[in-house]
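The structure appears right after this line, and notes come after that.
The first chain written gets the first letter, and so on, giving A, B and C; residue counts start at 1 in each chain.
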Amino acid sequence: MIHTSRACERLRHSPLFAALVCAALAHALCAPPAGAVVLRDDLNRSVTVPTDPRRIITLLPSLTETVCALGACDRLVAVGRFDDWPPSVKRLPKVGDLDEVNIERIVALKPDLVLLSTSQRVGKRLQQLGVTSFAIETDRYEDIARTVRIVGELLGVPKRAAALNERIRKAVNAVAVAARAARRGAPPTVYFEVDPAPYAAGPDSYIGGLLAKLGVRNIVAAKLGAFPLLNPEYVVRRNPDVIFVSRAQAPQLAERPGWAQMKAVREHHICAFSERVRETIVRPGPRVAEGLRAMAACLARVAP
Amino acid sequence: MPELVTSPSENPVALACRELVVGYGAHNVLDGVSLEIQTGCWTAIVGPNGSGKSTLLRALAGLQAIRGGTVWLQGRRLGAWPRRERARRLGWLAQSATATDLTAAEVVALGRFAHGGWLAHRDVDDDAAIERAMRATGSLRWAARRVSTLSGGERQRVHLARVLAVEAAVLLLDEPTTHLDPPHQEDVARLLRLQAHGCGVAVLSAIHDLSLALTADRLVVLGEHGLVGHGSVREALREDWLSLAFRTRVDVVEHDGVHLWRPAVAALPP
Amino acid sequence: MRPPGAARARIAWWLTICVAITVALTLGGLLVGTTSMHTSLRWILAPGAQSSIVLWDIRLPRTVGAWFVGALLGLAGAIAQGVFRNPLAEPYLLGTASGAALGVTVALYASGASVGALAWAAQLGLAGAAVVGACVAIVITVALARGVLQTSNLLLSGIVVGFLLSAVTSLLLLTKPQMWRTMQVFLLGSTGYLSWSSTSILAAVFLVCIVPAVLLSRGLDALTLGEDTARSLGLSLPVLRLAMLGIVCLATAAAVGEVGIVGFVGLVAPHLVRETLTVNHRHLLIASPLCGGALLQAADLVSRWIIHPAELPVGAVTACIGGAYLALLLWRRTRDA
């Protein structure tokens, strides 16, 4: 899934881990109970989090993967509806998705921490019900490392988080270096279609970040925004070397007016991934290198 | 009286009903009404509010489902007529003159629909009939104006012209004189009599104004419990049907051979 | 007793201006896109391989197709307002919009469900699914109203069917939120992919719709005098309504199938005509499509020009234009009153 949260830029720039706001700044009344710290989440809320949460619910696939990659999979008591990785989470109760969350179920499970995205509005309601929830923004490539760090902090395993980040960084670098090295000519131009409307992935989006890592040129200008609705004519005019598109749409590209004459369509320089692979590509989580590898492999095949 | 009228009751019957039952819900407005409407004769329906004048007209026009009895148009059951043939023989005027954005001429032209149907182009006969009807009702002046911009009375005359343009053998008119000032009411009365006596049309109209109704050839008098009487004006006055229908004394005086309704309030001391 | 000369001259003028605007908008449709107008002009004068594709295979069918969609909606709106004798009636009244949306959702749903279904859905296409959905909705609406005799029942039943089908659509979307973005595009309308083949389908449907509609237009005139009067004139109301609603259904389904749900055009076009002309239904049924076509062409131009090379959903643009126009109309009416 692609998250198009419209969380304000302002929030992003707030000092994130000016986190140990706790005792010194807070009034005596607000002082956290023993075994808890006050942290500021990406919705700019002061959240009192237990130092060692044991019953965690994650409402977003990438957050579930992050928690598990930090070795805390056994602390999860429930996950979101589309959370399918690692396979062990599939048998956990599903308590909702981006828009609809089963609040009753969450409360009944008595979690000591709920991790969710800034675009999920359920956080406020959970707060009223006395359930601790912590919102994390996961929109860009850079957010992966940040999320790992935050979750590591929350779980009390900062060292493991640092190690994981290092692993991710190295794996991504390896893919990126290999992709650039294998390329003979100039970097290809690429159009990544998020939806046939056509919504494209712009340079500022998470996928745009991945494309940048691979050293290819996005035909969409950054000023158009993260996921602009394009005039289809724009794609035809830019005539990208490679088109990334969903598998269902791939055979229909030639039927769009004027598209059949595009080089990428004519010569089938099209990367259409299965739903499973596509999920690893669009999910800003610890498996980023895996998705990136799939993209690099396709690029090497269609645009050597 | 024009000499054309011999004795209306002997004229051929244009429209008739037998044992007519019409109602809404659990209530029968008309229960077993039998009438004969003659060619060349103007018949007025009178009666108090709610006595079923409009219902009777709608049922005779085939616009209202009937629960019992039969309606005959020119000797043939009403329902057996093909739709357009029936519409050519039977003109109907609704009680309220609808405001439409069409021009007066276009509204009147719709009266010719039954003559041509969907695809027919308007021919010389149609044009002549439309102009005759508009001239007769004095609505020719507004031919190009939207009906919605006309006054109530003007509108009423346009709709009357539309009914006349059908050139039907039977005219069923629900309150054709509403919205009209007295001189124009009289014009309409004259027009209806002319249609009946001059053109041999069977005219049946609900008329609110009692004095105006008394200038008709025949009366159909409806009371709260159905038909009170049906006959010539003289007969109606002799039997005092009006008082029976309105359940109060209806005083009719004769002045120079003209019957006039005198409201009881006129007899009270000032 | 023909319409007097002045009125006919006015209609002739109106038609001339409308056609001139359409021609101008079509030329505009060639000029406006992801390039500057200057570049577009140069392309028209000296076309290259790619520029001729952009001009003649993308921009022209898009602007011509938008005209036909607008024309179909304008026609459907004018007919719906006549049949229901209600100036607020619009083409989507009988549940067609919700039906088409449900059709698309089901097709999307099925295409994600299995390989066999995918082939089936691709064959039918989302456009076909929309048409099927719209027609099913109309059939349910008419059945629920027990025929076409009672317009108030039809309106009510259209609303009920609209709500029910929307609810089913929402339920389906809830189980598969990935489809939501595609649905959103459909619900806001999109003229981006109008091709020559879709334009020719739209043109054929338009012909099939406008010819009988104009031939039957006198029936709608008669209907303005009231149902009883229309019947007394020898008009068969069920025949008239069935024929007219059939045309509305066909026109709306074709339009929705090609570009999704574009609101307000069908509502506003007949009003614009009535505001500027004294018309009977024959004129209205000819003028409303011209007006609707020009409206959607204009909206399409705005949608691709205002933030180019990105674009706005065309339905959002028509909603803005239409909403503003209706607000103006209302303001004038309440001020006069």
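In this section, a residue touches a chain if its C-beta (ideal position, glycine included) is under 8 Å from a C-beta of that chain, and two chains touch if they have at least 3 such contacts.
Please read all numbers here as calculations on a predicted model, not as lab measurements.
Asks: By CA centroid distance, what chain is farthest from subunit B?
Replies: Between subunit B and the rest, the longest centre separation is with A.
Asks: Could you say which chain's mean Cα position falls nearest to the mean Cα position of the entire protein shown?
Replies: C
Asks: Averaging over Cα atoms per chain, report the distance between subunit B and subunit C in Å.
Replies: Result: the chain centres lie 45 Å from each other.
Asks: Please compute the C-alpha centroid of subunit A, do the same for subunit C, then give the distance between them in whole Å.
Replies: So the centre of subunit A lies 39 Å away from the centre of subunit C.
Asks: At what distance in angstrom does the C-alpha mean of subunit B lie from that of subunit A?
Replies: From the centre of subunit A to the centre of subunit B is 80 Å.
Asks: Going by the contact rule set out above, which residues of subunit C touch subunit A in the complex?
Replies: Touch residues, subunit C against subunit A: 33-35, 50, 53-54, 57-59, 61-62, 111-112, 118, 122, 174, 177-178, 181-182, 185, 190, 192-196, 304, 308-313.
Asks: Please give the residue numbers of subunit C that touch subunit B in the complex, ascending.
Replies: It is residues 1, 3-4, 6-7, 215-216, 218-219, 221-222, 224-226, 228-229, 231-236, 274, 278-280 of subunit C that touch subunit B.
Asks: Where on subunit B does subunit C make contact in their complex?
Replies: 58, 61-63, 83-84, 86-88, 90-92, 94, 96, 98, 100-103, 105-111, 113-114, 118-119, 127, 130-131, 134, 143-144, 146, 159, 162, 166
Asks: Can you name the residues of subunit A that touch subunit C in the complex?
Replies: On the subunit A side, the touching residues are 1, 97-100, 194-199, 224-225, 228-234, 236-237, 239, 248, 251-252, 255-258, 261.
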